[in-house]
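The same subunit A turns up in both complexes below, where it pairs with subunit B and then with subunit C.
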Partner chain A sequence: MSHHLFILSPSDTPLYSLTHLSSRPAAPAPSPLSANLPSWSTSAFAGTLTALSGASSMAQMSTQGGGVRMGGGQDRHVIQMIANASLDMIEDVVRRENGMYLKAVDKFNEWTISAFVTPGNTKFVLLHEGKNDDGIRAFFVEVWELYLKTMMNPFHTAHSTIRSSVFDTRVRASAKKYL
Partner chain B sequence: MASTRFSVLSSSSLSSAELLSPTGSSGRFSLPSAPSITTAVGPSKPLVRPNIYDRPLNKTRSAEVSASAFAFLFSEIVQYTQKRVGGINDFERRLNTLGYRIGTRVLELMIWRTEGSSKAPKREIRFLPALMSIHNNVWKAVFGKTADGVEKSVENADEYMIIDNDPVVTRSISVPRELSQLSCSSFTAGLVEAVLDGLGFPARVTAHNTPNVDHPSRTTILIKLDKSVLDREELFK
Partner chain C sequence: MSAQAKQFKTIGEDLWKTRTEKINAELFAMTYGALVVQLIQDYEDYAEVNTQLEKMGYNIGTRLIEDFLAKSTIGRCADFRETGEVIAKVGFKSFLNVTPTVTFHPGANSASPAPSATAPGSRTSAPPANNPSFTLTLDENPLAEFVELPEETLEGGLWFSNVLCGVLRGALEMIQIRVHAEFVSDVLRGDEKTEIRVRLVQYLEEEVPVGDD
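This part shows the complex of A and B:
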């Protein structure tokens, strides 16, 4: 069961992304839709798609996974597309509701998309499979604090990508803790 | 309080100047202000770089900055800016940009401090509550007091004003007559603009001098909202 986190600036430039593979068993959330659709990466085009999406990122993902098989719809570009597609939904909901944590704003095949919008309109988008509201909320709040600390740095601008290894380690640690 | 701090600053720079100006060779050609800078930086201990992720964000929650230190910094900012601009418009725009950088951070930090520990953190989505929160909370967080008034323009539906009778940023600034149109509160205007932008209310914010008999440095922060904001507010009704 994997999670994908994207941090997007107010103008939707990607600032940070993380793939987290948790060892916890996926909570059963079968989607009738996903069962009927062909699995993306096992299709005949999988090799081409992988190559297009950048083989290095795939290799990185599988090493991190430690032998976890990349299943359907887990190609990098598909994940990115799902995350980007959910932005419309997020923007729509943000205008209507005043919560920062947007629970399950969008769904695509087996993926559920939850988001967190900071006061300054930075968006954290998380693709996940199971249901884990409290964990995800706690995860987002921790990421918010880390992001805030990054932001307080005068050398950080709204569009600079976050390359700090400490940030990365901390986000991974809280992902491990809550997801 | 401000005056005592200032005296501390001046005495320390004096003592360091005494320490570092030996009667002989090197003191003669060094700049008089240089020693105080070098003494401030030079610990002989191995430098341990502090990690920004280890610092608690609430530590400075109730900390205050000396008004004189700020006045000194701001005067440098104004001088620096003045050297690089052609006219008053450009001047104000630059100060606005500098304030904007502060504003994005103020907004995020301020809301985190109030909502960060809450179970369901909230952000403001209606304009008027957001404006009131700028008037109260932002002003409190930045200047230590609330602003002195919020007004809605009579002529234009998209214009709002925040009034400060004695803005902290310009308290020690006297603008020369040839620049009388200039308002250094453009810095504050930029800050307000950033907060509104962050909350999703794009606006153009400017500062204007509006002195009256009681308050000679009274300043109005004029907010001209983008049309999209008004359309959105209509939908809420």
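This part shows the complex of A and C:
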């Protein structure tokens, strides 16, 4: 089961991204939507859908095979597209919800998007399969604390990319712990 | 640790506990960090920023020494080594709550150099290498609490805490000791430890201010 974390600045520029491959078994995935479409459909929509669900099921099959291989460039673009699309949903939920942790804001095929918005309007977006609310909340809180320490650096602004290797190591360790 | 060093240590701790007003360390670190970042933006030349930080430190040091001598009951130091010990154990302790370790390097002429007859106002840019000096090794630096230097600052040669060198120079000059203080290494730059080297230039004689009879 893989997780993708994106940290976005208040102006929605990407500051940090991480792909984490969890060793925990994936929750059973709901059947892909493409099964609902008739097989003769040649529309672009169906093509995209089969490509997406095909890519994800390929990742699942290879997970069971033991070695985990991320799908090639196609998969990566899809992930980023999904993350971007969820930003609108996040803004909606932010207006309604009071706390920082917005649980699952969006769902796409088998990918759920959870979000965490800091008081300074920095967004942490996590794409994941399955359900893991407590673990994800704890993970977000830890990433938030690491992010705060980075923000204390006088040379760092709310819009600078986070390049610190210390931050990277610690986020990875935290992901291993909670996800 | 010698009896004298122990005595300095207790004086320092006592000063820190009773006779200093304290502020939040994070606020202090962030104020200094904002100052350095602004200087970098204004001057855009890291060597110049180093100089400005040192100048600011000099102004702080000239005022700090009066406060320090008033609060602590320490009298005249016998030699340069004792000066180093007092600075580390009492001075740094009472102002920053850190105690750097002192490593003393005696000069080639072990007796304290006699005040030279140089004209007032002449200043050697680099003191003779055989003058006594001491090195202060800071285990922790409250000024640089959360700081990570970006690449350009590393290449440009910025000493982030250069204000400390200025403070040492200013304070000692007010008590008739001219020194040259500079950073040798800094953990922010990737070195193993943070070290300031303070080298004696000369002991100053009481000089008649220009213009008096």
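Assume the second predicted complex is superposed on the first by the 137 of 179 C-alpha atoms of A that agree within 3 Å, B and C clash if a C-alpha of one lies under 4 Å from a C-alpha of the other, contacts with A are read in each partner's own complex, and residues count from 1 in each chain.
Basically, a residue touches a chain if its C-beta (ideal position, glycine included) is under 8 Å from a C-beta of that chain, and two chains touch if they have at least 3 such contacts.
Model, not experiment: these values are computed from the prediction.
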Partner chain in contact with A:R170 - subunit B first, subunit C second, else both or neither: first
Touched partner set for A:T118, first subunit B, second subunit C, both or neither: first
Which superposed partner A:M152 touches (first subunit B, second subunit C, both, neither): both
Touched partner set for A:P10, first subunit B, second subunit C, both or neither: first
Partner touching more residues of subunit A, whether subunit B or subunit C: B
First, second, both or neither for A:W144, with subunit B first and subunit C second: first
Touching partner for A:K131 - first (subunit B), second (subunit C), both, neither: neither
First (subunit B), second (subunit C), both or neither touched by A:Y101: first
Subunit B/subunit C common contact set on subunit A: 149, 152-154, 164, 166
Subunit A - residues contacting subunit B, complex: 10, 94-101, 117-121, 137, 141, 144-146, 148-154, 158, 164, 166-167, 170
Residues of subunit B defined as touching subunit A within the complex: 51-53, 55, 57, 101, 104-105, 107-112, 115-116, 119-125, 197-200, 232
Residue ranges of subunit C in contact with subunit A within the complex: 26, 29-30, 33-34, 36-37, 145-150, 153
Residue ranges of subunit A touching subunit C (in the complex, touch as defined): 149, 152-156, 164, 166
